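Listed next: structures, encoded as structure tokens.
Heads up, the next two complexes both have chain A, just with different partners, chain B and then chain C.
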Partner chain A sequence: MIDRTVRVASPLRSYTQGAASVTAQGDSVAELLDGLERRFPGMRFRMIDEQDGIRPHIRLYAGTREIRAILEPMGAETTLHIICALSGG
Partner chain B sequence: MGLSAAEIERYGRHLSLAEVGLAGQERLRAARVVVVGAGGLGSPAALYLAASGIGTLGIVDCDQVELSNLQRQILYQTSDVAQSKALAAARRLSALNPEISVVPHALELRAENVGAIVAGYDVVVDGSDRIATRYLVNDACVSLGKPLVTAAIHRFEGQAMTYQPGAGGCYRCLFPDASAGPAASCAEAGVLGVLPGVLGALQATEAIKLILGQGELLVGRLLTYDAMELSFREFRFARRPDCAACGDTPRIRVAVGPLPADELPVTPRRLAPRELAELLADPARSGAVRLIDVREAAEFAAGHLAGAESIPLAEIDRLRWNAPDGSVTVFICRSGARSLRACFAAARHGLQEPGQLEGGLLAWAAAIDPTLHVA
Partner chain C sequence: MSNTIWIGTRKGVFALRPDPRRRSYRLLGPQFLGHVIHHVVQDPRDPKMVLIAAKTGHLGPTVFRSVDRGRSWTEAAKPPAFRKLAGAEKPRAVARVFWLSPGHGSEKGVWYAGTAPAGLFRSSDGGDQWEPVAGFNDHPMNAQWAAGLATPDGEFLHSILVDPRDARHLYLAISIGGVFESTDGGRDWAPLNGGVAADFLPDPAVAFGHDPHRVEMHPTQPDRLYQQNHCGIYRIDRPAKAWARIGEAMPKAIGDVGFPIVLHPTDPDIAWVLPMDGTTVWPRTSIGGKPAVYQTRNGGQSWRRQARGLPPRNAWFTVLRQAMCVDNRKAPGLYFGTTAGEIWSSANGGESWRRLAQHLPEIYSVTFAI
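Let's turn to the complex of A and B:
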């Protein structure tokens, strides 16, 4: 498995000790998220619900391609973007 | 009607642009834009929209200016602390551009009034700091077919998108439900002061493009901004056929009801201490002045202006208010916050043009009568 970059939304950076980008391994989005969970316990549940659905305030993109289900492969994309709804004004 | 000589001079740099020109500037003047939330995002957005010559600019905010707002909410000055944001913003924007009409809405948007507010404008700029308000505004815009430019911020990151009816997804398509999300406020999470300046300026840009019918809009695209790495990214999103607001069978419809009488725009007359003192010293006019001190009875007893009546704030809402033509009712409190609320309460109950002592009795003691004891 190759190293990929995960771009972490600002509200989730409390899990990554403030890091905006972290490295994870996996061929699918699910594998990348599992890798994140091992390093940053509790982070996956903030994005993914009990039925493995992407929570409605989160969007995932493999590069610029929207991810609808976490079993989707990353393919050749090297970066997973985690987008979170922000509320500050 | 064409632009006046003053307007031609004021908007000269716009008139030089082929994409704006005289026709575009007249479109801006004819446009009605409402800014929801006069905070970090709403401040720069409203300032640029006013400077650009948007003919009617509505400002919706129910909060009062706090000292901690001034690090990023550039509409306000230190002397505005404790004042209504909507009113302080209206004063500042009117001073920036007297050619335009600024309408303060010092109210909290709710399901009952959002339709009436949004229906009165052509474009909505949302910079509110509550997730529920974002959905309320989105749903009203979708229901009423109004374009919406929305943005949000968190620490060093911001995001923005534009909804144009019939042309792309709405905010609910992007985030169907963020109510359970990690939506910390600026107060909880902190925010770089200049961050909303970038996003708010982008919102004003989008609103102006919408009115001019020029350029490429952020429709169907979420723009994200990271101030720390100074990067912009763009993520496409589609309209969801199952969207509760703009989908094929929408479940959310926002109706336009009449605006409750207590939420009609009210602009209290602010009397500076010296102005009030001159009014009271003028025998020809002083008889028409009614002074109402809205502090608690104990505060009133400790010291008050000669001739003032004591009616604590809570009582104001229980009375019927009217005033003979030519008379002036001036509400007074310690610093100006309670008297402003009294103005709105009295307006709800019939008073046409409420006034308040600007800065309250503290300002009076400082400027007019240092012997006055202010409890």
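Let's turn to the complex of A and C:
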């Protein structure tokens, strides 16, 4: 498996010791997230619920392709973007 | 070590620390700035331990733990989560941890958590690892008990009460769902809603589907429970199966709708409520813009207005169900927090009130810690 870049939104950087970008390995989004969880325990559950659903204010992109389910493959994309989307005050 | 009033808000955790005579208070915090804090609860069996029910606007729910009275925090290794469902089962995912209750005095390290959507969870290691309570979450009736009138956030499971005489005797409440009781440590449950109105339902005479806002068990007389419900104030003295509507004795112009109810620490006949406007479209503000606490000293036979020091007019705040508490003094101190970010306190059982803090974020919980 190749190293891929994961861009981490600021609300999750308490898990990555402040890093905005980390590397992980995996052919699917799920595998990348599992890799992140091994390195940064607790991080996955804040983004992905216990039924493997992407939480309402989290958006995942493989490159520029939005991910709707974590079993989707990364394909040739080298970067997973984790975006936090919130409105209101 | 002085007492602490923990304040959970929509934007973080604050604390008030009084001097020994409760004359001055020091505001501490924020901690967890920006986090949505539904409950901050100290462990009476181990006062150095404090648990927080948290999420953020973006991120999923979790629990933070302190073993040094809130100076430092660690996240639960395994926060409350439903078991992974398969097949045709309706998937459930915890959206928020809403309520925390320490377990029985003999079960050090045991905690219970209530969530939205309604789920019951148990930890046996001081809140680090949480497991679903299958006896409730997978009860054959659960889908009906916990899905009567799903609100946009899902139902809230709250008011988890442990009988101090028997660790296996538990109560919980679901808003909307009703009050439920277990006598076998959570393996089986039964509704306990006799006598409670559910006048928002097509059939008000239902066994469950009620809307308890907060239920309290008296610590020295655990057979006595009080309930502030969407449809009034109630009391039950077990083993009775039916609640009595003690809110009927409230002034008709005030009514008996509210979120919190709190009890005197030693006298089971004394309780306080904070009525809100439950008319028409349910403003849920203080009635007429004139906030007031009401106290009963006779188990709900009569109620007395306690508003001295509170704003006499133009105060349209709401006090949510976890946002009122009593301390452990002989002359109990009372505290409540408002959706407008104010903390109000009485050092004389509600006779007079003063504001201790203002300009905080929307307050979700106010709890007393020794």
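The definition used in the following text is that the second predicted complex is superposed on the first by the 85 of 89 C-alpha atoms of A that agree within 3 Å, B and C clash if a C-alpha of one lies under 4 Å from a C-alpha of the other, contacts with A are read in each partner's own complex, and residues count from 1 in each chain.
By our rule, a residue touches a chain if its C-beta (ideal position, glycine included) is under 8 Å from a C-beta of that chain, and two chains touch if they have at least 3 such contacts.
It should be emphasised that the depicted structure is a prediction, and the values quoted were computed from it without experimental measurement.
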item	value
First (chain B), second (chain C), both or neither touched by A:Gln51	second
Touched partner set for A:Gln17, first chain B, second chain C, both or neither	neither
Touched partner set for A:Ala9, first chain B, second chain C, both or neither	both
Touching partner for A:Tyr61 - first (chain B), second (chain C), both, neither	first
Chain B versus chain C as contact partner of A:Gly42, first or second or both or neither	second
Partner chain in contact with A:Leu86 - chain B first, chain C second, else both or neither	both
Overlap of chain C and chain B interfaces on chain A (superposed complexes)	9, 11-12, 46, 55, 57-58, 84-86, 88
Residues on chain C engaged by chain A in the complex (per definition of touch)	56-60, 62, 75, 77, 79, 81-85, 91-94
Chain B residues touching chain A - in the complex, by the definition given at the top	37, 39-42, 127-131, 134, 151-159, 174-186, 189, 191, 196, 222, 224, 226, 228-229, 233-237
Touching residues on chain A, where the partner in the complex is chain C	9, 11-12, 41-42, 45-53, 55, 57-58, 84-86, 88
Residue numbers on chain A that touch chain B, as the complex places them	9-12, 20, 46, 55-59, 61, 64, 66, 81, 83-89
